[in-house]
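Read through the structures below before going on.
Two complexes come next, and they have one chain in common, chain A, joined by chain B in the first and chain C in the second.
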Partner chain A sequence: MEENFMHINLINPVVYTCMLPLIAGILFFLIPEKLKITKGIIAVMLSGISLYFAFVLYSAASLHEQYSVLPAGITYFNVAASSLLLCNIDPLARLVSLFICFFSFLITIYYTAFTAKENSISHFYSYMLFTLGASVITVLTGNLLVFVFFWGFLGITLYKLINAHDEISSAAAKKTLILVGASDGLMILGIAILWKISGSFDFTRAGIPTTNGLSITAFFCLLVGSFTKAGAFPFHTWIPDYTESAPAPASAYLPASLDKLLGIYFLARIFNDLFEVSSWIRLVVLILGTSTIIIAVMMALVQHNYKRLLGYHAVSQVGYMVTGIALGSVLGIVGGLFHMVNHALYKSGLFLVAGSIKKASGKDNLEQLGGLSKFMPVTFICALVFALSISGIPPLNGFASKWLIYQGIIEFGTGTGIANQLWILWLALAVIGSALTLASFIKFISGIFLGRQKTSLKEIKEVNWLMWLPQIILAVACIGFGVMASNRVIPQIFTPVTGEILYSGLWNSSAISLLIIISILLGIAIYFTLTLKKFRTEDSFIGGETFRDQAGFETTEFYDTIKNSSFFSIFYKAAEKKWFDIYELSKNSVLKISHFFSAAHNGILSNLAFWVLAGLIIMFIFLLM
Partner chain B sequence: MHNLIPLFIVIPLASAFLVPVIGRLIKGFSKIITLTAFLCLLLLSLNYIFLSDFSPIIYKIGGWEPVENIPIAIYLVLDSFSIFMLCIINVMAFLSALYSVSYIEKYTGINNFYTLLCIMVAGLNGIVLTGDLFNLYVFLEITVIASYALVAFGTEKEELEASFKYQVLGGIATAMILFSIGLIYWYTKTLNIADISEILQTSEDHRLIEFSQLMLIAGFGLKAAIMPFHGWLPDAHSSAPSPISAMLSGVVIKAAGLYVLFRLFFNMYVISFDIGVLITAIGTLSMVVGVFLAIGQWDLKRLLAYHSISQMGYVILGVGMGMLILAKNGNKTLAALAIGGGLFHLVNHAVFKGLLFLNAGAIEYTLGTRDLKKMGGLYSKMPVTSVTSLSASLAISGIPPFNGFFSKLIIILAAVQARFYLLAVLAVVVSIITLASFMKFQRYAFFNTSAPKKVIKEVPLSMTAVMIFMAVLCLGLSLLILPDIRDSFLGPAVNVLLDTTNYSTVILGN
Partner chain C sequence: MLKDLFYYIIYPGFLFVAVSGGILAWFDRKITAWLQFRKGPPFLQPFYDFFKLLLVKETILPAKGSKITFLLAPVFSLTGALLAGLLILLPVLNIKSGFSGDIIVIFYLLTIPSLTYIIGALASGNPLAAVGASREMKLIVSYELTFLLIIAAIILKANMSIKLNEILLVQEDSPFIGSISGVLLFIVAVFTVQAKLGLVPFDMAEAETEITHGFFIEYSGTPYAFIKLAKYSMLFILPVFLCSLFLGGLQFNGLNILWSVLKLLGIVLLLTLIRNTNPRVRIDQAMRFFFVWMNLLVIIAIVLILFGL
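Moving on, here comes the complex of A and B:
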């Protein structure tokens, strides 16, 4: 009886959270685009309602629960229909769905003010709501078929949100859907093999050991799905293109937050539920994870387009999450999941910042910007918080999760496997990646907000409050998650998902934050008391000519040193030729095969007739043998 | 109800007769009479879905009853597989005819067009209904001769060349089919498919029968454009007027090619493992090579035509795997899954490929070109074409929630479950390349530049209405995955192929 009661209590929020946005999304197609404001308000309300129900679900009694929305009894292909509608409401799923709704809510608010005639995405709210509903279903479902269905559906919304209009953006849209769709195809193969091995489509099956070729194939097929969605090397190449071309809210919504949540959620499921992973697979995944960190951040360093720069960082950070999850220890998984949430917080924040800058200035490149801190103080402060977070500066949240991952790697080094022996390598790569991230965000901040103000940028004003409010919320969350990390956030949000953690590098985040604040205050006090402020600024003297924009040094030019240094230049040149892009590589090889076959199809009738006879003869020989 | 079966052939033949006679006098008559006829056929075939009790209905032409259990009359047999095909044929025929109302205005000889279309549909319905091998051959010829003429309908250099190739290769196929039918007749002394089936089941294996099987695979393989018998298809399907391309790709290669292959090899011949391997192998070959040929094309309709070859490969792959499982006396549920996947893909392909050809027609109608490089930016100017073609493209690429996702999913699940791992991997790879080539179509046709090169507007209502309806069908056919709907349409058709000998027992038992 009590079980039944629980059932009803939990099912309703599940159904509301998923179905409300999906149905509303369909209905939104019927409302003409002219009523943009009405649509926006309804969409904000709907995502708010979803957020509420996700919260109800999250705060409900935290038992590991599996429910079916349908009663048992209906069967199809020997699979009970009730199992198709199985819900998997464990703490991880609840946590991820809560954050999905949270980001949807904030970004919808932002979009209501962002939208304008020239940059509006047709039916944005419909696709936004579809994405919300489908994402929640992928997280909450307990059935792999339902999972892959909605997972694939998310590819369409991703494709539609890019708003393809010119050559570059339509190429990016094409590339995105091809890569994401290809990974879906491989996931279907993986799921088919899982079905073959275990005889069921259930999500939370006891781990299948990766010992034979079949299970390893299934593992890697599913891994490709998770890597492509989250954007880890070598399936990441759609993300920089996407973020460069798509409107910033779309980038903030999908590649920056939701796709990361889903990809890493699925990765955690693969590692912890679906498979029992052997040590050499861990080694492979760790290599991929750490190379993601380094390769993407190296690419980010030399970018000029700020949205593309952020896109490469959206890839680089995934490396930390992958590394954390691949460690397999509780510490690593907590670190990975914590970093997933943190990354979604600051990266969607950064894309919102980018959107505000784009809207205010209309410029795409760092060279065209500069000195915006005076005009857009709120955006500047938020951007600074996000940039320090992503660079892993204590006491912000990026530091907290990276610290956990470092601790996880050190703990991992005590094991005996080959991957464990190389722990120092993983640690070194992770730390170097963090340093390089800081380097490239100095470029981002100083290129946009600091430095000389360009003459073309006189007219800029701070953006609408609807646009900066979500940024402030995200920035506060970044600070809060960092300051409260060790005493509130980790024990109350993350360890219920994974289990208790114990590690040597225990720290008290609040105390450290206090120390840091004191030291900053001290610094300010010194600044004022020692009257360091008394310096003067002068323009460079160029023979009495007035100082012009092009006479200054661009921030980006400092980074050309890296690009031109003899060792790295080889790689950068190869990267420019797309040698590392799995999409371009496979495209070229497919087209080569295509040309080969096309050459045989010259359309001469006697050839065609010859093929018919040849085919007949070959079949005849086959049958005689 | 039994007397209604011949109407499937009589109605289109009658309207084919009336169109040139009366259409000459009254302007617009040809359109109205054809649409009315096709609507009747459509309703008739839908009627059989909802009212059928899944047992075959037999109509004996002339009313001649069998003598000593030997059938004398030509039988028309309407079983679940026939109903399945009839629905596809007649729905597509009606939609193509409706689409043609505006489209065909740019050609002369409208009456000829509708006459030929009616004859083609009569032939297709006949192929699907007949229970007699020679009669099948006659209807096949009716269909293909009408389609030779329709391919050449534009009477430009390119169309005539395509039609000529189609005729020569079609002639080769016809010779092989007729030869094979002759062999079977000589061996079994009967032409009734059910009767032949009974005799073949009791007789010993004979090399002659194997030879006739090969000739039939080659002959009907050519009609279905399976590799290596596909040479005519890219030219013919891209040169025909677009509604005819939709019919050829959507219906003709299935009804005149695959349907007959499946029917004969499941219900007439004794299922053999070797033939199963052959059929699956050529299916896989078509699937793989077809898609590689397609992705390099810049002529839109040619790209679509090569995809027809590739997608037919999926259908054959699914059904062929079912054949292999049955031949090895494997798990029947699994065979049902494989065959179900194949037939599901068949109906899905009819809809999305038909729609894609109609989209291509709409673009050709407004821009006057089939070259993807000359298109671009149509997104804002032709919203209906753009949205419907996106849904068809996603459907053929197997992206949820469109129907292609489910049929490919089932085929891949069945392949893995039956341990055909290589086939499963190939199916996935081909699906990915299909997606890539349709993304190319979407990009170059609808996006790429913000300003189209010409001042254009959306196509007329009759064309947009058909495209919207078919796009909805692309979504709606996904519902075939639901148990209740599947059991009234797809399931019975699968069972006909699954219970291989049931066909002859039921028909001869009557």
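Moving on, here comes the complex of A and C:
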């Protein structure tokens, strides 16, 4: 009886969190687009309800890990169907589903105020709700078939949310669909191999050792799926294109937060549940992870379009998560998962900032902006918090998770394998990635908010409160997760997922944060007592010259020294020619092959008849064998 | 709690660091003056400078910039410097307190001053300050990797420990400088500290003769006093950090006080001599210097460590 009661209590939240948005999403197609405000309010309410149930699910204390969605006692007509409905509600799944609902809620609020004529995505709320429901099912399901079905479904909503309206955005949408779709295809292959090996589609069937060719193939097929979703090198190339073309809320929703949560969630599952990973695979994944960090951040450094810059960072940060999870130790996994959550917090925040800037100014490039901090103070403060978080400045959250990953790398270095012996390399790449992230965010912040106020931007106003409220919530979460990292967030949210951590370092985030607050208050007090009495404002001093428009130093020129240096310019030129883009490479090779075959299609009937005959003969021979 | 606040504000925090930094700044200026056959400033000159800026001088704010960011940046820079100093000095002086941070935390806190100078400079809206900020950011990117590799080498030498007090404990009998790899690392570390302090040959971000003090061009009065104080603090903290990484730390008991002071003055003397005998390099030269040569030296040192040298 007791068990039955628990059953009902837990099952309902699962059903509500997943099914409510899905059904509502379908019904939303029936409501005409003109009732945008009504739709928005209902969507916000629905995502709020999902968030509530996700929270109920998260806080439900239970040791049971697997449930059937069907109430106990009711037998379904088919055994296989009931295994499809099996849920796998472990702490990791609860955590990820809670954050999925959290981001959906905030971004829906933001979108209600964001919609404008040229920005609006048709049926945004439907696709948003579909995405929410499908993501939660993906996370909570215990069956790989259900998982891959809804995972693929997310690729379609991703495609629809890009709002392809011109040639560039259509190309980006197509690229996204092809890359994500191809990776889904590989995942299906991987799952089939997994079924062949283990005879089950069960998600938690633990530890297939990656010793023979078959299991290694399955591992890499699934890895490609996770990497493409999360956007890790070399399958990352859709993300910058997507974020450049898609409206900012869509970027904030999928590539910045949900795709990361799902991709890294699946990566953690692959590494910890599905496979027993051998050391050389760890080496390969570590190489991919650290190269993701460096390659993407180097590209971000030279971007002029701020949404594209953020897109490259959405790739670069994945490298940290992949590195953390590939380390395999508790420290590394906690670091990776914590970084996943932190990244979703600040990156979706940054995309919301980008959306606000775009809506307020209509400009896409950094050199067209500048000095907005005066007009958009709330957005500026939030952006600064996000930028410092992503650059890993203590005591913000980005630092807390990077610190765990660095410690994980150093702890990993005590091992004996080849990958362990190279720990200095992993550490160096991760840290230099962090410094380069800081460099490109200096460009982002100063290009948009600091610097000289442009005369063309005099009319700009702060955005609607519905747009800055989600940003503030995210910024407060960034600060809170950083300040309380070592005494609350990690022990209460992340160690229940992974187990206790043995720290090798020291970081008392709350005490240090308290000192920072005291210092800042003291500083402000000194300013109030000393400076406010005697100050005046003057225009900039530039060596006695009068200021002319061309005297400015654009932030986009900041890193031209790096771009033009003899060593890096080779890579940048190659990247401009898309030599590193797996999509372009495969597209070119497919086109070349089809060009070769198209020689056969010369329109002469006898030639075509010959090909048909030749094909038949080959088939006959094959069948006879 | 009150005790912890005492640590932060009086000893070994704010007051101690600021006073020692001021004294070291005087030492640096005096040596420079001697090298240039001048008499040099009186002992209290750095403090006169600071109090004059803080109390007497008028503050001029940039009309076309972001004033609040411009004013808050120096406060953050001072805070970052002091926190790094606190986390370095507590283990060095062997004081137990509520604050703790390992070598990675210190590494990150030590970038905060440079970062906030950049943000403050960009908030001023002055193009010369923007030039300085861009150079400083590129300089950070170049020396950060070297600095991290030095720290990784130290971790390797200290049997994979990242706590400063354990690193000091390993060095109790034989400081790390007593080996070939230690000497190599120390040379590189001195150059990195030189760049971190923005001293010649790596002062291209300030470059008085070229871009008229670069990223500090718009600062005056109280905010500039904070910057001065942050610079004094860094001039004390970074040599102490070098001492604890290579020279076995500092002891403040009995005759050891003299020995510790000599170590510190020795490092500052080295920095001063380098800055007085070298021309300023261009930013691309500095980047090449760190990316290629300094990193090469550290990698050689790491290989030597792996062979036990």
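Keep in mind that, in the parts below, the second predicted complex is superposed on the first by the 564 of 625 C-alpha atoms of A that agree within 3 Å, B and C clash if a C-alpha of one lies under 4 Å from a C-alpha of the other, contacts with A are read in each partner's own complex, and residues count from 1 in each chain.
Everything that follows uses one rule, which is that contacts are C-beta pairs under 8 Å (C-beta built on N, C-alpha and C of every residue); 3 or more make two chains touch, one makes a residue touch a chain.
Just so it is clear, the model here is predicted, and its values are computed rather than measured.
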| item | value |
| --- | --- |
| Partner chain in contact with A:410 - chain B first, chain C second, else both or neither | second |
| Partner chain(s) touched by A:436 [first = chain B, second = chain C, both, neither] | second |
| Chain A partner contacts - residues on chain C that touch it in the complex | 4-5, 8, 54-55, 58-67, 69, 71-72, 74-76, 78-79, 82-83, 86, 98-105, 107-109, 111-112, 115, 118-119, 122-131, 133-134, 137-138, 140-141, 144-145, 148-149, 152-153, 155-156, 160-163, 212, 217-218, 221-223, 226, 283-284, 287, 302 |
| Chain B partner contacts - residues on chain A that touch it in the complex | 74-78, 81, 145, 148-150, 152-153, 155-156, 164-167, 169-171, 173-174, 177-178, 181-182, 184-186, 188-189, 192-193, 195-196, 587, 590-591, 593-595, 597-598, 601, 603, 605, 607-609, 611-612, 614-616, 619-620, 622-623 |
| Chain A-facing residues of chain B, complex | 164-165, 168-169, 172-173, 176, 210-211, 214-215, 217-218, 221-222, 227-229, 231-232, 234-235, 274, 277-278, 282, 289, 292-293, 295-296, 333, 337, 379, 394, 397-401, 405, 408-409, 412-413, 415-417, 424-425, 428-429, 431-433, 435-436, 439-440, 442-443, 447-450, 482-483, 486 |
| Interfacial residue positions of chain A with respect to chain C in the complex | 371, 373-374, 380, 384, 392-394, 399, 403, 406-407, 410-411, 413-414, 424, 427-428, 431-432, 435-436, 438-439, 442, 445-446, 449-453, 504-508, 511-512, 515-516, 518-520, 523-524, 526-527, 530-531, 534-543, 551-553, 555, 557-559, 561-562, 565 |
